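Here the chain labels run A, B, C and D in written order, and each chain numbers its own residues starting at 1.
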């Protein structure tokens, strides 16, 4: 049985150590915020210029001047601070963010990441993704193990244009948890998934320990 | 530009744009999505019909909102942005070749603008190394790590939106409506700021000014802010 | 450094320095002249007797004040500064070869520190072109003007002084005591801040934070600030 | 009769146009502030991080947190703003300051400036001078026409280490006012000073109009 999205997010949240400053990408990574316990002091950064991102607002409390990088209405917290885009990316580029969680189209065995562009399709832009993967201390990819057409997303070499080269540290999919460190090391396998199933669904060579 | 008359305050956005516009100019516009947009100045820019603009802005607006307004009137020749999703009109004009597009990683875009305002013609960053962004760019290694060189950006005109501003041009932004506005204010040959509340000189605390008045050539109190929300998301309870 | 325990608040400067000092380390210290100096942390640094320090600071203090204290104990091996006047002890140690000195133009120093904190390994500036400062540096021309390449600076430890700070590390500076403190806070592998008033989280307005808490690993409320005035100048009436 | 220091400062103040943002160097240039009329909106920048510098404080009103680049106690004005050293020099380097007035040891006919170092003497450092001359739109040198030993300070080529190359636009001395523009053009001569006296006291060729 492969992991549900909820289970994947919960697993990803375990990577958020006490005191971590974390940037969560748009989409599934945003949901990881639901699994942050109040006990461990995790601070969320939003690259449009905010540290200390709070939950979504209650109805009627939304503020058009207070949005996250996905343009969603959010709230602030007592320890929040606001700053410019330049200051925000100085924080990111300068290696001050401990962890970034992003979605991906492809990850290669050397940690190359592709998640911004499909040739031939309209390109919306890379936004802050290239800055995040180049600057943040640890990059975690949270994605389905296979594309919708069933093709593997953990590949020998990305066929799609890269977002960053040798940037991914950890991959969490619905089938398992993988460390990128001179190859793809299998750290955990979802329940009832066999090694062979993992191998069948992965193009890159897997290292089992 | 040094405004010799030191009369920075303008009543209307249209009036504030007088004498600074020309076809083919480079315009920077603050804002992230629809947040912190100089709404009045964008409208006045549209009404001016100035054309062949190169627009430097993180996004290209949505249909009928923000810089989307300048797409309708085909005033934009080229956009330098990090993300232009959510805009079918942009997509159409791009695919038909009417509009040129240069994507910059968001942090690189912010830093290029900051560099332009700070007299730094170029800097090195690891962002984009090994990607399409690095093509044709100077590569250099520092302490064993590879970087690419990016250049500073300036504009003929920067239009920015602040929360409060005083008549000497000091600006304060509110929450995440700050975004690209402060750096763009520094990088325009002429910078025009619109504010929600125009204050008398002395009303703002000198310790908390985000943009010192030196960067603002003209200032006006905007009106009828739509402050549209692009992606209303509420908590469930 | 990520402080896993997230216990940022320390009672004493001595305690705040525990575990981060080693001989030969690079230390950045905020302050301009005697204004905005981390007085408690400098004293504790002196008392620690850590030696062979490379100190990055705009000035070298005066005798018995600021970094002058670390000169008395001969803890400084090298200084990277823009101006070291008004300090006979520095002069003596420099002329005798006890201390190494690297002069940077003040704006270049500030920008190198900013770059270091912002992940920018190098940038170009026109400052110093055609002077001793440009010797052995990479020259490059942009749009017909000559520039030199300067590199980013980081430190093993940054010590900074703020006016108010909260327990999550957010800082606010007062008047010109801000100076080099905010950029140095970003460029230390470990940054320790001392504040005149330690506040509870939530007491500072998120719109007016000068240094977001992410940059501050440890924070303490300082005491017995001398806040010496180097050059008391009064108006005549 | 050569100009007094007061007269020199008064003459220099005429270069401060309405609406100008100005940085005044340490020493005689600081005194130019005394000749700024309230009518023309001149704003003084202090490179340690302040725009809108006010007069020196009255006794008992000095604030150790409020000093100028010469470390003198000063006051703020209603339009003042404070910022970091990095932001201050971004303002300077980025060409946002209209005019800088500095002292000098030597100025060459091509506008080279030497004012920070005498070889063999203890060097105090260049402070912000190199940034100012490289970044500010117009650089005005305010100095005695001759050194204490009588040697000329407007020279063919600076013998002292440079602060900046081809940076000086205007020179005001006790003997006259000079524009640096492909040579040293004499704009004004102090009363009772003859052309010959000027020539005798100047190493660089002078262009009289």
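In this text, a contact is a pair of C-beta atoms (placed from the backbone, for glycine too) under 8 Å apart; a residue touches a chain by one contact, two chains touch by 3 or more.
Here the structure is a predicted model, which means the values were calculated and not measured.
Student: Could you tell me which pair, C-D or A-C, is linked by more C-beta pairs in contact?
Tutor: Between C-D and A-C, contacts are more numerous in C-D.
Student: Using CA atom averages as chain centres, what separation in Å is found between chain A and chain C?
Tutor: Distance between chain centres: 35 Å.
Student: Mind checking the centre-to-centre distance between chain B and chain C? Centres are C-alpha means, answer in whole Å.
Tutor: Taking the average C-alpha coordinate of chain B and of chain C, the gap between them is 32 Å.
Student: Quick one: chain A and chain B, Cα centre-to-centre, how many Å?
Tutor: Measuring from centre to centre gives 28 Å for this pair.
Student: Using the touch definition from the top, which residues of chain D touch two or more other chains?
Tutor: In chain D, the residues touching two or more other chains are 76, 82-83, 89-90, 92-93, 135.
Student: List, in ascending order, every residue of chain B touching at least 2 other chains.
Tutor: Touching at least two other chains: 111, 114, 118-120, 125-126, 173-175, 206-207.
Student: Touch graph of the chains shown: is it line, ring, star, complete or other?
Tutor: Graph shape here is other: it fits none of the named patterns.
Student: Touching pairs of chains, all of them, please.
Tutor: Every pair of chains in contact is listed here: A-B, A-C, B-C, B-D, C-D.
Student: Give every residue of chain B touching chain D within the complex, in rising order.
Tutor: Those residues of chain B that touch chain D are 2-6, 114, 116-120, 166, 168, 170, 186, 201-202, 206-207, 209, 212-215.
Student: What part of chain B is in contact with chain A in the complex they form?
Tutor: Going through chain B, the ones touching chain A are 32-36, 58, 81-86, 91, 94-95, 103, 105-111, 113-114, 125-133, 163, 173-183, 210, 227-235, 237.
Student: In their complex, what parts of chain C are in touch with chain B?
Tutor: 111, 115, 118-126, 140, 142-143, 145, 147, 151, 172-175, 206-208
Student: Residue numbers of chain D touching chain C in their complex, please.
Tutor: Those in contact with chain C are residues 46-50, 55-59, 62-68, 70-74, 76, 82-86, 88-90, 92-93, 112, 117, 122-131, 134-135, 161-166.
Student: Spell out the residues on chain A that touch chain C in their complex, using ranges where they run on.
Tutor: Spelled out, the residues of chain A in touch with chain C are 17-21, 40-41, 43, 45, 51-52, 76, 78-83, 89-98, 135.
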